[in-house]
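One chain, chain A, appears in both complexes that follow, with chain B as partner in the first and chain C in the second.
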Partner chain A sequence: MAAGSTYTPIATTTLGTTTSSYTFSSIPSTYTDLVLVLYGYGASSDGSSIICRVGNGSTDTGNNYSTTRMGGNGSASSYGRYTSAAFMRFAALTGQSTSSSNPTSLVVNFMDYASTTAKKTVLNQISQLGGSYPGTELNANLWSSTSAINTIEIYPYLASFAAGTVITLYGIAAA
Partner chain B sequence: MANTYTLIQSITVGSGGAANMTFSSIPSTYTDLKIVGSTRIVGNGEGSNPPISRGEITFNGSGGTYSVCMMYGLPNQSPTTNSAGGSGGSRSFYAGSSVGNLAAASIFSNFEIYIPSYTSSLAKVILINDVTENFEVATTEDICAISWSGTSAITSIKLNDYGNSNYAQYSTASLYGIKNS
Partner chain C sequence: MSPIPGIVASQISGHLASPSSFESITTITLGSAAASVSINSIPQTYTHLQLRTKVRETGATVGGQCQMRVSGDTSSVYTYHTMYSTGGLVTAEGSFNYTWAYGIERHTNGNDPANVWGATIYDFLDYTNTSKKKTIRTYGGYDANGSGQIRLHSALYGSTGAITALYFENQGAANFAAGTQFALYGIKG
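On to the complex of A and B.
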C-alpha cells in the first residue's frame, strides 16, 4: 500500500464543549471511501444510541434509511432491523455511557460515498463496556439515495457528546 | 501529502515459532493504531474441536483492568455472546484467534484490531474483528471489544495465544499508526 495517500484526514475535531450534534460538510468527492472514527463519552442520558444522517448539500431528514444490526452484551446476543427510518443507527444495543471511565469507540465505513448510481451502504462497529448498556455491535446501514454524500451529521439520540470527544473523518483513495 | 497511515512495525514469526509477538516503544505521534494479523499456532491451543484458540492482548506490560465483550459465530449455530474481565496479568482478555495444528495445512486466522485515541488519558476501548475459515471444517467469525482501564498512552502491545501455544512460522502482525492531522 502506498502509505500516506490512502488515509487522508479530511476533518477532525476534539469537542471543546458539550455538543448535541456534529456535522462534516463540504466533503470532497475525490476519495473512494470514507472512514469516520469517534472516541468519547456522553454528557447526558446514559445509554443513548448514536445515530447519523447524511446528505448532499444538507442532511436528509426523510425516512430514507435502514439499519440491520447484530451484537452482544456478554449475556445475550441480539439482532434487529429498522426500515424506513429517519436516521441510521450506529448503536442500538450499545448505549453511550456518561462516565469518562467508559468511553465509546466507533469506526464507520462509508463505501463508494461519491457514487451517483449506487445507494450508499454504511458499515459500523461500536463498543462500550460500562454503564447501563455495555456491548459490542456490528451494523449495516443504507441511505436509499444515489446522491453523493457530502454531508454527515452524527449525534447521540436525545443526548449530547461530552467535551473531549474526538471525531475524525478520513478519506480512503483507491488510487 | 502528510503521511497519515504509516507502518510502525511488522513482525513475522520464524521457523522456530514464537511465544508472542510484541510491539514495543510505540511512538505517541499518531492518533489511532491499527494491527492487521494472520496467525496459526503450533499446538492445539485451547481447543481441538474446533481447532481454534483465542488470542490475548496485553498493553504496557501489565497493570490495569480489562473487560471483554465478544460475539462470535460457529458453523450452523446462532451467534453467541460472552464477556470476561480481570486484572492485568490475568488470562481474561482475548483478541483475535488462531487455528491450531489440527486444522488443514496452510490455514491461517486473520484479524484486525483498531485502537482509537491510544494516547488518551481516558480508558481505552479496542475494536476487534477476526475470522477463521477452515474449508468448512471449522470456522469462526468474531467481533470483540476490549476495554482497558489504563489512562496512560499505550507504548507496547503483546499478542499471544490464550492456550499458551507458540505462534507458528509465517504468522505475522503489522502495526500501523493513523494520524488525524
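On to the complex of A and C.
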C-alpha cells in the first residue's frame, strides 16, 4: 500500500550574502504538493513582511493574488484580507527580525501546484519570536491561475534576507 | 545556520521527522461527484499520519465543510476546538460529545468561483496507541479573492482505540466534487 519515501528535498540554499529575493525556477511537476521552508532573518528594516509571487516560466506580476489571514502576538488577535493583489503576503502581523538570534520560521504549502485545471491554494504558517513584530500567523492564499507553478519567488517586502538565511523546497508525491 | 532536515520537517508535522520517514500510504481522487470518502485498512506501522486534502463540494449551501468519523465509531466521542477568520474578527468556538468530528475543515462550494479549492492538512498523532485518546490537528482553508476562511482546529477522538479507518461527509449533505483528493501519508518515529 505504501509507496516509499516521498518527502523529497528539491533544492536548498543558505544565502551567502544579503539577498533581496530568491527564486526557485524549473520546478519539476512530478510531485503533488510543494513545501517551502524558510528559516532566517532580515538584513535591515526590522519588521518587514515576507511576500511571494509564483508563475509558469516567469513570475506573475499581475494583480492575481489574494490572502485571508489570522494571527496573534500574545496579547491580541489579528486578521485581514487582501484581494486582487500583486503578491501573496505571507506575513502581515509578524515581521522579520534583523536579529540572527531571533530568526523567522516560515512554512508554505503549495497544494496541487502542478494542476492545469485548478487555481492554486497556498497555505502558510509564519512565526517570529523576537524583533519589533513578534507573533504567529496562518494564511490562506490564492494564485488565481490554472497554470502549473514552476517558478516561486520569495522576498522581504521592505528589505533583504540576511546572509545565513536558509530556504528549502520539498516535493511531496502522493501514491 | 544550515538545513537540518529533522528540524525543518518538524515545522510541518509538529514532530521530528526526517524526509525519508514520510511515506505515501494511499490517495483517493474522485473521478465523479461522491457523497462520502472512506480510507480503510490504515497500516498500523507508522507513528503519525498526515492527510493532505483538496476539496470542493457541488452544493451551494453557505460554507462547505467536512465532518469526519474515525474507525467507524458512531458514538458520542468527538470533541473540537477551533479558531478561524473569514477576513474579519478571529472567532473561537468548541463543543463536545458529538457523534461526528464537526467543522474539521472548510472548503469551496458551488457559490465560490470556479476552479478554486479548499486545502487542509491533518495530523493524526500517535494514531496506533491503545492507551491514549487521540488528538487530531487540522490547518487549512481557502481564499477566493474576496471570500474565504483560514482555520486552525483540534479534535479529540475520545477513544483509546487505534485509528484504522477515516470517513468523511459534507455537513450540508452535498457531494464532494469530481477532482476532490484525499492523500494519506505515514510518518515513522
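As a convention for this text, the second predicted complex is superposed on the first by the 171 of 175 C-alpha atoms of A that agree within 3 Å, B and C clash if a C-alpha of one lies under 4 Å from a C-alpha of the other, contacts with A are read in each partner's own complex, and residues count from 1 in each chain.
The definition used in the following text is that a residue touches a chain if its C-beta (ideal position, glycine included) is under 8 Å from a C-beta of that chain, and two chains touch if they have at least 3 such contacts.
Quick caveat: nothing in here was measured; it's all calculated off a predicted structure.
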| item | value |
| --- | --- |
| Clash or fit, chain B versus chain C on superposed chain A | clash |
| Partner chain(s) touched by A:V107 [first = chain B, second = chain C, both, neither] | both |
| Contacts of A:N56 with chain B and chain C, given as first, second, both or neither | neither |
| Contacts of A:T8 with chain B and chain C, given as first, second, both or neither | both |
| Which of chain B and chain C A:G130 touches, first, second, both or neither | first |
| Touching partner for A:S147 - first (chain B), second (chain C), both, neither | neither |
| Which superposed partner A:S44 touches (first chain B, second chain C, both, neither) | neither |
| First (chain B), second (chain C), both or neither touched by A:N139 | second |
| Partner chain(s) touched by A:T18 [first = chain B, second = chain C, both, neither] | neither |
| Partner, of chain C and chain B, that touches more residues belonging to chain A | C |
| Partner chain in contact with A:S75 - chain B first, chain C second, else both or neither | first |
| From 25-33, 43-51 or 61-69, the chain B stretch with C-alpha clashes against chain C | 25-33 |
| Intersection of the chain A residues that touch chain B with those that touch chain C | 1, 3-9, 12, 37, 39, 70, 72, 77, 79, 103, 105, 107, 125, 138, 164, 166, 168, 170 |
| Chain A residues within the chain C interface of the complex | 1-9, 12, 14, 32-33, 35, 37, 39-40, 66-70, 72, 77-81, 83-84, 103, 105, 107, 109, 111-112, 117-119, 121, 123, 125, 138-142, 144, 146, 164-166, 168, 170, 172-175 |
| In the complex, chain C residues that touch chain A | 1-3, 5, 8-9, 11-12, 19-27, 41, 43, 52, 54, 83-90, 113, 115-119, 121, 139-146, 148-150, 152, 179, 181, 183, 185-186 |
| Complex interface listing, chain A residues touching chain B | 1, 3-9, 12, 37-39, 41, 70-77, 79, 100-105, 107, 125-130, 134-138, 164, 166, 168, 170 |
| Interfacial residue positions of chain B with respect to chain A in the complex | 1-7, 31-32, 67-71, 78-83, 114, 116-117, 120, 122-127, 129, 143-147, 149, 178-181 |
